[in-house]
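Everything below concerns the one structure shown next.
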């Protein structure tokens, strides 16, 4: 998994039928210092993450291992909201 | 998933038999600002996307999770046409 | 899928038993203008592509979705010979 | 697999239910000389690796091939603690 | 698949139980001219490759399609020893 920051949402009405009912988030990848990078993913949200939340996301077939994304043509999922992480003993992020 | 822009089509007559009947689109990856990048994918179209459409595409095994691509040697699929997305509350794209 | 150009062949006698009988092509990735890049893949050929052919190749588990590559430790397959593709209405390649 | 160095931990309370009970490590990728790179992964720990340990990690569907990660939306796993590796006959790392 | 050169070995005693019995090689990726790159993979060896051998390796789920790696958390496998390859009719490597 990688750490991302939720920065937006995406709406798509015309889509493969198996994609009905999923909410899509625009997630920017962040590095382990918590800085945003230029990489992003459009990910299905299964944890009701909010704008600005730091989240964990999975790619590929692992993104289909949730009840909501099972057997769907979905290769990105936000499957956790991050509370905190540390690097070398230093807290890099702490959810308020 | 990533956001792409449909910029062309590709035709291949001689192909693995399981690939019959699929339409291939040339899709350029775009960043979250909507700018085209140099990355691209040739993706099967399951939503009848049109030239110039902004779309969502999936890669890898997730690209096979549609009725049309099931069990086919296909690692890219356009599975949604994007209506709109926003970043930090700013609309980056709105389909006309 | 990505577009590639067949530039060579590779021979390997000592290999996992499930790899017997596959022909390996050296395939350079090309961009959507048809220019060769530095990226390449060694791919199993299931469409009898020829030297210089522009082809479509798939990576990952999708590369195993052909009769010839099913259940084999093969993560790259040439599954189509390209006839033509266009970008913004301009033909970028036309097979002779 | 790639070689990583455990540099931290990550905590996420709100997560997909199938992710309960996993411990997440912040793992920096290292090159074959043992130098840390800017790439990282948040990986589930199934070998009780410690801070500073050099480890092997797997990505993608392979990350789900452990008892602890089976069928979970997890695309990174630390599945071994490295004792030593050598390159061209020179020992690059030796666990104390 | 990509071409690699075996440059070392890696030993890990503490590992996921399903990883028992596998030999790990340090494999540097080479380009199609046979030049070593900075990319590498730690791959399970199922063909008894030797130091200095040029090999083919597979990544991802394809790396589990051998008797030795089936259902293991292993995302890299050396599944062939390369005898020779050519590019544009020129032999780039010939095993002695």
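We call the chains A, B, C, D and E, going by the order they appear; numbering starts again at 1 in every chain.
Criterion: contacts are C-beta pairs under 8 Å (C-beta built on N, C-alpha and C of every residue); 3 or more make two chains touch, one makes a residue touch a chain.
All values reported here derive from a predicted model rather than from experimental measurement.
Chains that touch both chain C and chain D are the following: E.
On superposing C-alpha atoms, the copy chain B sits rotated by 145° relative to chain E, to the nearest 5. Two copies of one chain, chain A and chain B, touch each other, and the residues they use overlap weakly: the shared fraction of interface numbers falls below half.
Centroids built from CA atoms put chain C at 20 Å from chain B. In terms of their C-alpha centroids, the spacing between chain A and chain E amounts to 32 Å.
Shared contact sites, meaning residues of chain D that touch two or more other chains, fall at 60-61, 63-64. The ring sequence of chains is given as D, E, C, B, A, with chain D as the starting point and chain E next.
Those residues of chain D that touch chain A in the complex are listed here as 7-19, 24, 26, 28, 38, 40-43, 60-61, 63-64, 71-76.
Residues 1-3, 31-32, 46-48, 56, 58-67, 69, 77, 79-89, 92 of chain A are the ones touching chain D in the complex.
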